[in-house]
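For reference, the structure discussed in these notes is given below.
Order of writing sets the chain letters: A, B and C. Residues in each chain are counted from 1.
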Amino acid sequence: MKSNFLVIRCLRIALVIAVLVVTGWAIRPFEDPAWQVVRAQQPAMKLDSLQGALGQGVTVGLLGGFRAIVADFFWIKTNSVWSDNDLPTTQKLIKLVTVIDPRPLYFWQNGARMIAYDMPNWRIVAGGGYEVVSKEEQRHIDEEQSTVAINYLTEGFGYHPNSALLHIEIANVYLNRLKDMDAAAKAYFKAAQQPDAPYYVARIYGELLRRQGRNAEAYAWLKQLYPTLPRIIEGATTQPSAQELEMGMAPVVLERIRELEKELKIPASLSFKP
Amino acid sequence: MSTTNQAGVPFSLSRLLIVAGNTFLEAVRQKLFNFLLLLAIGLVASAQFFQEFNFGSSELKFISDFGFGAMVFFGSTLTIAATAQLFFSEIENRTALTILAKPIWRTEFIFGKFVGVFAVVGVFCALTTLLLVGLLYHRENAIMALHPDAFEHGRIIHYGDLIVMGVLQWLKFGVLAAITLFIASFSNTNLYTVVMSFFMLVICHLQYLAHDAYAQVASLPLRMLVRVLSYIFPNFQLFNLTDQIGIGAGLDSGLALRVAGYAAIYIAVFGGLAVYSFRSREI
Amino acid sequence: MTNPTPPVAIEIRDLTKDFPLTLRGVKLRAVDNLTLSIPEGQVFGLLGPNGSGKSTTIKIILGLLDPTVGECKVFGVPSGRVDSRLNVGYLPEAPYFYRYLSGTELVRFYGRICGVPRKRLDDRVKEVIDWVGLSGAAHRRVGTYSKGMLQRIGLAQALVHDPRLIILDEPTAGVDPVGSAEISELILKLKAQGKTVLITSHLLAQIEDVCDRVAILDKGKLILEGDMNDLVGQRGRQALIVDPLTTAQLAELRVWLAERGHTLDAVEQPRARLDQLFLSQVSRAVKGENK
């Protein structure tokens, strides 16, 4: 009698746990198809690096399912620090934001742009300006920042292995900052292989081949590209929208093909027939 | 000796809805609800100012993420605080005595409380989702005019998906409300309920770690323990059906329905446990 | 033929209620082997000091607590069952209601919970609000009510479904003497309607005025139960109240009584009860103001 209350309480707790375990077990087959999809896009949380940077309160927030909003607040903070040209803090925050939530591509894209395009400018201005810092030193700074940006974007492939956008950003850094057309072309090529690649990526790849004097490769590439572009095909049941036509720029690609045929002296009989 | 013949009192949905209606009315007349709602709306609406940062088309993705982040944060807070508060106000102010002294089942009372809170959170989710949809539509039109090349495949935002995600968050809050009600049904104070419910929120978001880990644990007893743990708590990560809300590949409606069913089952289970615990509670 | 037993509203048999104080089994016995029967149509007073088990007993009657041992039936139905409360109205001690509802909304809410048919609901709500004298404040929010008004709206919600048994837990706690007298008046009206009323109160004078029967609890045990007149009336003795007598007249009276075998035990000046004096003065002042 004396320990009755305790026994009853223990039995009650055991019953509650049993109900929850049976529910969890029974619902698992129903849950799994959805969970596989969610799990595939669920990046791991790097708690060790976060706890030092954020403190325990924010870390608990992340664990509580608020990682998106925590990352967004840090992203706003990044932009505010960026407008003060504070290089070390901006760089640290850019990385922190993608550690907290690596899912949004725009964190990677915009973070890399800040590192590759804005930070060299800040460093040169801090060194006395474009007149004072030597061209060689400027080139060196560009290379350093570009490497940081490319490494950063490459890290993004860990979470977004099929992202055309990350390849495009890498290509742009090679092209615009390092003036390395070959590396840029390779990156554009990889971007063009991805399922969500915009039409212009393949055009630019062809153009870069051409600028490097690799006309035959460019010609072969564009010939292969043209049939995949949206265009009006007589007799087809469905036609692309005006916007798709505009974005695909099939006539421009055809024009390039014709120019290359002239340059490569392709006989009319062998010319490309769309 | 009086042996008046009494008809039994069947379970009544109408009584349940009367309690729900009263709970809803009490909640919306409380400052907390209005405060959190205004804060969430203010935060979502402040996404309008992200254009200052010149994100370009990624601004839309950011607004969408940020809006849903605000909704998840304030929604979770509102769900836990409102459920605990609306339950304990009945106990502490002894209005529960007056109601439960009437011919009403405790099941009707508990589920009435749940439905009332669920309706309050539903209003919150509907308002924040609609505001977000409106804001995104407005900004998408503006950005489309500025950067047409980013919209070569048409509009970026799937507005239908946004609404589906809003509904899924609402259902998740429903499970959270049922969990909070279960904790409230046996706990003595509002504060304990709120703290425990936040712990549960965190654990349910981390449940998947146990779910993933048990196969890799070498020791059998430990593996069994991890497995049991993975069964005890519902998996809140399941409600994040897409990593980029309303953007990118569209939502699979079959999966969304499956997740909704998952939520409904857990609402019923935790609601049932709350009733079980509350039935033996001495008022 | 014997007289038929009067119908019973509440029947409590061998009731014991323990509350666990610690997980290891230490407990507090709030009600100890209580047996009590409350007939229909009576006003029954449950008395006792704080902690004597009155409120616990009431909560068991209302099904809010389960007995540890024993049984409790309301109109023949075990009190743990929902249908035992179909014919019960309850006014808790120092009631607190939903502050954001008006008096009418509040009574309506409880009426709907009790299943008063929609067709009759509005009329019934109006009727009970009139009956407790709150018509003038029916549309005010309950949050603005005074203590006395809260008790009255509490009584209205307890009566909205026209129950046969009304349980009033300290109905006059914190209410001024005027409000208290009005509540006593309402209780007597309920009795006149044939309702059974179970009342607990610290105001023994009030209990004495309205109750037919009382039970006294102490430390959870029933220590006295009986008819009010039997308990407090002094059988075999009488008091005479006369105009003032002189000393000589008083001596004459003593002799006259002694010759007939009686004694004069006490000569005192009768006193009015303070609450009655208060009520007469206050009502006079109110009348004066009205003029």
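We take it that a residue touches a chain if its C-beta (ideal position, glycine included) is under 8 Å from a C-beta of that chain, and two chains touch if they have at least 3 such contacts.
Keep in mind that this is a model prediction, so the values were computed, not measured.
Distance from the centre of subunit B peaks at C, each centre being the average of the chain's Cα atoms. Once CA atoms are averaged chain by chain and compared with the all-protein CA average, the nearest chain turns out to be B.
Counted by C-beta pairs in contact, the busier of B-C and A-C is B-C.
Taking each chain's centre as the average of its CA atoms, subunit A and subunit B sit 32 Å apart.
Inter-chain centre distance (subunit B to subunit C, centres taken as mean C-alpha positions): 46 Å. Subunit A and subunit C have Cα centroids separated by 77 Å.
Annotation for subunit C: no residues touch 2 or more other chains. Shared contact sites, meaning residues of subunit A that touch two or more other chains, are absent. Shown for subunit B are the residues that touch two or more other chains, namely 280. Remark: subunit B residues 50, 53, 55, 58, 61-62, 65-66, 68-70, 72-73, 76, 148-149, 151-154, 198, 201-202, 205-206, 208, 211-212, 228, 230-238, 240-244, 252, 255, 258-259, 261-262, 265-266, 269, 272-273, 276-277, 280 touch subunit A in the complex. Subunit C makes touch with subunit B in their complex at residues 5, 7-9, 19, 40, 59, 62-66, 75-77, 81-88, 90, 92, 94-98, 100-101, 109-110, 112-115, 154, 157, 167. Across the interface of their complex, subunit B is touched by residues 12, 15-17, 19-21, 23-25, 27-28, 30-31, 33-35, 37-39, 41-42, 60, 63-66, 68-70, 72, 75-76, 79, 103-106, 109-110, 198-200, 241, 243-244, 246-247 of subunit A.
Residue ranges on subunit A touching subunit C, taken from their complex, read 1-6, 9.
Chain contact summary for the complex, subunit B toward subunit C: residues 1-4, 6-9, 12, 14-15, 18-19, 22, 25-26, 29, 93-95, 97-105, 280, 282-283.
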